[in-house]
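The block underneath contains the structure these notes are about, expressed in structure tokens.
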Amino acid sequence: MKLVRISCEAIDGAAELAPLAALGGGAVASFTGIARNDDDVVAIELEHYPAMTEASLIALMDEAFARWSLLGGVLIHRVGYIAVSEPIVLVGTAASHRAEALEACAFLIDRLKTDAPFWKKEHRADGSAQWVDAKASDGDRANKWK
Amino acid sequence: MKLVRISCEAIDGAAELAPLAALGGGAVASFTGIARNDDDVVAIELEHYPAMTEASLIALMDEAFARWSLLGGVLIHRVGYIAVSEPIVLVGTAASHRAEALEACAFLIDRLKTDAPFWKKEHRADGSAQWVDAKASDGDRANKWK
Amino acid sequence: MRLVYFARVREAVGLESEDRELPSDVQTVGDCVAWLAAQADNYASAFADPSRLRYALDQQLVWEETLLEGAGELAIFPPVTGG
Amino acid sequence: MRLVYFARVREAVGLESEDRELPSDVQTVGDCVAWLAAQADNYASAFADPSRLRYALDQQLVWEETLLEGAGELAIFPPVTGG
């Protein structure tokens, strides 16, 4: 089971992860990236490259399935305006054993951060907005998986 | 926020993880260990050492909070009879950034596997039952964190 | 060649996308960016710091040195920040 | 000393727990296990393979060499398999 989706709607983590628990495996790992309640940020705007985004997520999921013995994977990324405390991205993996599920989950979010065409803009309470800068540490974590 | 619980009831993962998403951080990681649908196993029986179990889980959670900058942690382990496909253990972590949440989550489940006094017995369709042997690989993964 | 821009680059160029005939000596992604930067100030400022530019050619991540080789769409954007 | 047994050890000994007066030369966890093994066959068979035994003294994981030093409860059990 592989599920990849770009979503304009709020992500329902519980509903999206439930199928992973029903695949007969012993391990489900998940990661949820949330619009952080920083300073006076009120919302995050997520821009993406529609012609490329879904294909890039499918490529990541395929790579995870090639590297680990997985029973299932879920990768959902929200776009548009996202209020603070709402999920931006959900990664879920299911495997027979925990090492595969945990490692594949970390791989998917680390590589999504450097390979998938999304850009975040922070909107603040005073009406100003600012593009978020990429972090060098994201490149470092993604390179770990090379 | 730290939550540790030994539960005789089914674990409601969605309900238990929801508070972690509301702590203002940007990252929630989770791991769910499930009674695997192996061969003709119909249920897992979980024995534990009541006088020690909760304290051992609290010690693990405290160690996770000492090692990583965490906003929240959840560690719930079920005991008694558990039908296949039901959760045995739920680990959840919340942090400002993903590295902390992902690493602390893996640490908690890896160390729980070697340090917390639980024992699994597999019950099979033919009425037989067998204690599960510890895996050497569990010791190796737990030692990674030393 | 269809050119598409995203995020900070889109705002600096002032366009989401455009179609351009490229001169025949524009062979690589880097050539194309340098040629665009010479066309007008908004491009020059959008592309001023190549360390903050990333590229996709026909929806695949590529590098400055990558040959255009008849590709249909070049996307120019800042390092991605999703997740 | 209160002795408690779990899982395969509990089944082999045939008891969940018991209280025992230990001889004064039983100083360590390992001494206690060896002394118990000499008391009856069910103990001997439960403790036959020390590589498959783990111990907690007053609810803390300890080793064969650990001194009992007036502790109140010794738990003897197989390697744990939770999670």
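Here the chain labels run A, B, C and D in written order, and each chain numbers its own residues starting at 1.
We take it that contacts are C-beta pairs under 8 Å (C-beta built on N, C-alpha and C of every residue); 3 or more make two chains touch, one makes a residue touch a chain.
In this text the structure is predicted, and so the values were computed from the model without any measurement.
A.B. asks: Just to be sure I understand: going only through chains that touch, what's the smallest number of steps from chain B to chain C?
C.D. replies: Each step joins two touching chains, and the minimum needed here is 2.
A.B. asks: Counting one step per pair of touching chains, how few steps separate chain A from chain D?
C.D. replies: Minimum step count, chain A to chain D: 2.
A.B. asks: Centre to centre, using CA atoms, which chain is the farthest one from chain A?
C.D. replies: If we average the C-alpha coordinates per chain, D ends up farthest from chain A.
A.B. asks: Go ahead and note the Å separation of the Cα centroids belonging to chain C and chain D.
C.D. replies: 71
A.B. asks: As a quick test, compute the distance in whole Å between the mean CA positions of chain B and chain D.
C.D. replies: That gives a centre separation of 26 Å.
A.B. asks: Provide the list of chain C residues touching at least two other chains, using ranges where the numbers run on.
C.D. replies: 83
A.B. asks: Spell out, as numbers or ranges, the residues of chain B touching 2 or more other chains.
C.D. replies: Touching at least two other chains: 33, 98, 109.
A.B. asks: Who touches whom among the chains?
C.D. replies: A-B, A-C, B-D
A.B. asks: Show which residues of chain B lie in contact with chain D when the two form their complex.
C.D. replies: Residues 33, 46-49, 51-52, 55-56, 77, 88-89, 109, 112-121, 131-134 of chain B touch chain D in their complex.
A.B. asks: Please give the residue numbers of chain D that touch chain B in the complex, ascending.
C.D. replies: Residue list for chain D touching chain B: 4, 6-8, 10, 56, 59, 61, 73, 75, 77-83.
A.B. asks: Name, in rising order, each residue of chain B that touches chain A in their complex.
C.D. replies: Touch residues, chain B against chain A: 13-14, 17, 21-22, 24-37, 85, 87, 96, 98-99, 101-102, 105-106, 109-110, 137, 141.
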